[in-house]
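Heads up, the next two complexes both have chain A, just with different partners, chain B and then chain C.
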Partner chain A sequence: MFYRIAGVYHTRYDKARALWPVPADRWQITVVVIFALAAPFLLSDLYLGSYALPWLIWSAATLSLTLLMGLAGQLHFGFAAVMAIGAYTSIHLARFGVPFEFALLGAGIASAAIGALFGAAALRVKGLYLVMATLAMQYLVDWVINNVPAISGGAQATLRTPPSSFLLISLESLEVRYYLALAWAVLLAIFFMNVKRTSFGRALVAIRDKDFAAAVIGIDPFRYKLLAFFTSSFVGGVTGALLAFCYYRAVTPEQFGFNVSIQLVAMVLVGGLGSIIGGFLGAGFVLLIPIILTNLVSGLAASGFLTVSSNLLAHLPLMIYGALIIGFLVFEPLGLAKIYDNIRKYFLVWPFRHSRS
Partner chain B sequence: MKWIIQHLFAVTLVGAASFGVASAQEQPIKFGLLQDFTAVYTFVSGEYNQGQRDYLTLINQEGGVEGHKFEAIVRDTGNQPQRGIEAYNRAKEEGAILFDFLSTPVSRALVDSVLKDKVVMITPVHGRGDASDGEVFHYVFPTMATYWSQATVLAKYIEDHGGLEGKRIALVHIDSPFGREPLPVLQDLAAEKKFELKAFGYPSPGNEQSAVWSEVRRFRPDSVLIWGAGGGQPVSVREAIRNGIPAENIFSVVWLAETDAKNVGADIMKGVKRFEAVSTGTDTPILQRIKAKVIEPGLGAGDATHVGTSYYNIGVATMAVAVEAARNALKSEGAPLTGEKLKAGFEQIKDFSAEGLMPAITITAKDHQGGGAGRVSQWNGQAWEPVSDWGSAYQELVQKEITKGSQAFKEGK
Partner chain C sequence: MSYFIELIINGALTGLMYSLVAIGFVLIYKSAGVPNLAQGAVVMTAAYVVWLLAALGLHIVVAIILGTVLMFGFGLLTERLLLRRMVGQPIIMIVMLTLGLEILLRGIGPGLLGAAPKSIDLGIGLSPIIIGDIFINRAYLVGGVVALALIGAALLFFQTRLGIKLRAVSDDHVSSWAVGISVERAVGISWGIAGMSAVAAGVLWGSVQGVDWTLSTLLFPAVAVAILGGIDSIWGVLIGGLLVGILGSVIPGYLDAIVGGGTRDVVTSLIILLTIMIRPYGILGREDIERI
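And now, the complex of A and B:
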């Protein structure tokens, strides 16, 4: 009815291999993309700068991490440190006079090099032990940033981004920064969709499912695990640089602390491991729901619907947020992406009851 | 998902709008108190914010300032910069002209926005010390002694009670920019007064410090400065006493309060000294009026037992300064107030002591710290008892650091 898959015949290989073989999906994507492109004209600065922009950048970060955690199955609890390396590298390069485009590249390379170095631990340890190794990375990077004034920027430990431009367009205005973040998020999403269909992506999935089995069928786990860490850290580093230049416009160590790593893991898990739409939904959930709940609860209290002590008022959004996470995970353990998938499958065959998968 | 978010937005907007309509008739002056009530700063923000709101209620009960009432926009930021940015932008749209974040990460992330948007940010007893330079940080007002001034006041006290020369002084600090902040000033002072200074950092959040304190014991210090906040502070005091350092030789940054004494043990902590920027207790006229006109009619913003505690009184003092600035601004610049007018009001504050609640401060276009005065008080088993007079010390050393920091900021670093 809605999706009208009856009558869609794939007569050519490239049609069958298209990213969205069903026309209804293409329509939905088009609508979302049009909304995203028109957002600067539809939303006020408040919603563009404090909701849409950070959402896109964190979605990009979630996608970077889900490549490693969802596709390759390597747990990473220090991804904020990877982003920190990117942010600090780019800002120091830009202040040194390197054009922003190359600073972004440098950020990616520095993050990838250091990220792959710590990722080498993954060649020997798995699961919870790998979590420990990546946690060590988080704390080491934090410590280095905090204790080397040349990196952190001296007594106040705040580095402001110098005025910069991307492809000759100044990053001064919010709209430009939004479009840059949007371009990066879209690029990453497309990259991710395609990675899943390459031999590299299939090798990662094989390693995730069982690495000895992958080795038996001729996949070199050493090479592919390192490559997964390298790729994921590269895009993570660029995302960190964009976070610094497009959103915060000043970097401080706390922006990349341990709690941010945990938030990123939460974004990946709440969204759904290894899913692209899950990356966007998870980032939106973890980043925006606390803000929206805080405003909602304060609004209710201010208009007199809710009379509780100010201490409870501050913690009420956290309680609701916690309940929401538990609720979602009980309702659908595979994350928001699976909820989307269930809804889509329901409408795929509507008005009939069951879809095939 | 998008649908849900948009509807949540709508509900929030309706809530905010109805709130706006209800109070639009009186044209209140809005202050954004966007603080961390749920994460790292919980040890202070509850009492601090309660003091701020109770003082604003007191002013409103007394008829406001020239007929203008005050309104506090209170939001939790959870100490996360991205939530602080959202709360700031929203409060700015609602018309707030003064902001107090009481969170280092959030205020750092917003310094540039505040300077660009021309609204006032106050960073009382915390925040970046170099913002005292009003000619660079036009819209940032520390208004009270910064960490640098706190360090010099404590050093001056040690000098007045036994001298500094040849002494060994340990700075035991949390290993973060905040913990290291007093170092440059103390190092300069150590060179000038010829005492031996050694810094010992313990890892954040400071629940576990035993390794550091055994090193401190080997250093055999004559005085120890403890520089931390929240849960790390009672641990520092306990460890210091366990390592044989007499309580009288322990000096703390401003963040040591009644709750910490309760956690350490009120008797064990007897003798420990700390810097204070605002007097404690309810003996001052403003606190008496808050008790009579706000707490007794049941208009208080929280638990009445907090009234008069250290952090509550700091909160009261911050708003006393802000309201004084608004009064000056209304007098000289006229209504309606904007961030620019309020800034001018701040810079006209002269010898203002909030009726004895705090040392007299004078804020000028150059000096946004207001003199950097404070005093040392000592825990006597039940309460904090002042053991020195209000005053500032070695402000030339502090000024040197301020200039160094603000010049670097100006050059874009």
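And now, the complex of A and C:
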């Protein structure tokens, strides 16, 4: 009923190939985009700056990783290191006087170069060994950043982002930074929706499903895996730079540690591997649910319903986050995207019970 | 020269204690094919359990024995409740499940019992043993000896009836079923034994550096040990442990002063990377890893 597909006839190929052939999907997207555009006027600065903005940037990071993990099937447990390379490159370029737009580009290229190098080293192996190799790379990049004063600015140092502007608009105001993050997240989402429909995307999916079968039909696994690492690291690096410039406004090595890598993988998995809406939902869920639940418990504790020690309260987000990962993997391995899909399919034929697709 | 020998001896002893953590990882991987990235957190949990039992007034020996029983049950339960459901899922799901368990345990232990480091007193004493110019850490010495004994026990265990069953299961699940071995039980038992080995590792490491969440970071050297030695070989754990321990002690011993600390993690990372690039199946592992 809501998703009426009866009576939707496509008489042209480009209509049938549209991103959203069903009108209800288009309506939903329009509503979401309008809300996203109006968010600075609807939300207070606190919510905009500490919830909506990081959500968008982490969604972009999740989308970058899901290209590699969901589409190409290459596990990556060191993606925070890739983002760190982007963040540090952009900040050093910007301090050197390079315009922000080119600093972003430089961040992407540096991340892509080093990320593809990671990929090339890890290409001989897969599964557990790929996890371990990328994990080792995370530690190596962390160490290099920490121990080379030219990069980190000295031990335990924080590098502040210089004042900069994007297309002549200063990044000082929160709204501008929000719109920049929104633009990047939307751009990435559109990019990934279309990558799935190109020969490049199909080649990646073929390699994910069975690499030697893909090789048999003429897809060079080495080349495409490397390209997947390259593309994903490029957008990951730009996202890391945006994270530094729009959200943190400063970089320290701790912002891109091993735990952040795990968090990114958790976002990808909770959202649903290889899904775009899953990227947004997963990032929001992993980022916000521990905060919300902890606030809830501390609120209850403050009003006297529960007695919770401050120590327990400090570890509560960690517990919720761990339980969230386990719960999703055990009960819904395909993640939030699958839940969304189930709801959509239910309404597709509502009030009847079964859909065929 | 004596500095060098001291680094080697202490490194070898630390390495043996890494092997204690790694042996649980290897056991589970060998029988179930699951890379248990929660092993570090399981070690931490075991240390917390023993500390809690000792704090309740039990003698430390009783606490360790009771803790071993409890951790065996913990291993069985983890397998039954979580990992059994994941059979047939892609490896990323399984890896992530164990990581989720790691995060959960890292929250529960310090969250319920307090984040400040706890001490487990084994009555070993802190003064180093001095032979000539060489200082040997007494706790590491005890740890190394216990590790050697336990690895020996593990090797003997694989000659028993139950051990042979576990080896059969690690070879091939379907053929084990065909000859009447209960694969589920064997996998569960290997999780239980991994929990028991975590008690040994947790108590020894806990007595060295105190019981807090940092025990779970032992996972990283343990994984390096497992990968270097060959991920499904007990002898490999021994050799890998010695190598990782010695390299992780000698190289930082000379380089830390030059580059400013933290080289141990780099050495461990490089060991993992080089092993994977040159000889992915490790020194003694079976060469059946899939490659393009």
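The criterion applied here is as follows: the second predicted complex is superposed on the first by the 330 of 357 C-alpha atoms of A that agree within 3 Å, B and C clash if a C-alpha of one lies under 4 Å from a C-alpha of the other, contacts with A are read in each partner's own complex, and residues count from 1 in each chain.
Just so it is clear, a contact is a pair of C-beta atoms (placed from the backbone, for glycine too) under 8 Å apart; a residue touches a chain by one contact, two chains touch by 3 or more.
Remember, it's a predicted structure, so these values are computed and weren't measured experimentally.
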For A:Ala183, select first, second, both or neither according to whether it touches chain B, chain C, the two together, or no partner. neither
Could you look at A:Ala133 and tell me whether it touches chain B, chain C, both or neither (first, second, both, neither)? second
Given the touch rule stated above, what does A:His315 touch, chain B (first), chain C (second), both, or neither? both
Where does A:Asn146 make contact in the superposed view: on chain B (first), on chain C (second), on both, or on neither? both
Answer with first, second, both or neither: which of chain B and chain C does A:Pro221 touch in the superposed model? second
After superposition on chain A, the chain A residues reached by both chain B and chain C are 146-147, 155, 311, 314-315, 317-318
Complex contacts: residues of chain A adjacent to chain C: 69, 75, 121-129, 131-133, 135-137, 139-140, 143, 146-147, 155, 211-212, 215, 221-222, 262, 265-266, 269, 273, 311-312, 314-326, 329-330, 333
The answer for chain B against chain A in the complex is residues 1, 5, 8-9, 11-12, 14-16, 18-19, 22, 37-38, 46, 49-50, 53, 74-76, 78-79, 81-83, 85-87, 89-90, 93, 104-105, 108-109, 111-112, 128-130, 175-177, 180-181, 184, 301-302, 401, 405, 408-409, 412-413
Spell out the residues on chain A that touch chain B in their complex, using ranges where they run on. 44-47, 49-51, 54, 95, 146-147, 152-160, 162, 247-250, 252-255, 281, 284, 287-288, 290-292, 294-296, 298-300, 302-303, 309-311, 314-315, 317-318, 336, 340
Using the touch definition up top, name the residues of chain C that touch chain A in the complex. 35, 82, 85-86, 89, 91-93, 95-97, 99-108, 110-112, 114-115, 220, 223, 227, 231, 259-263, 265-266, 268-270, 272-273, 276-277, 280, 289-292
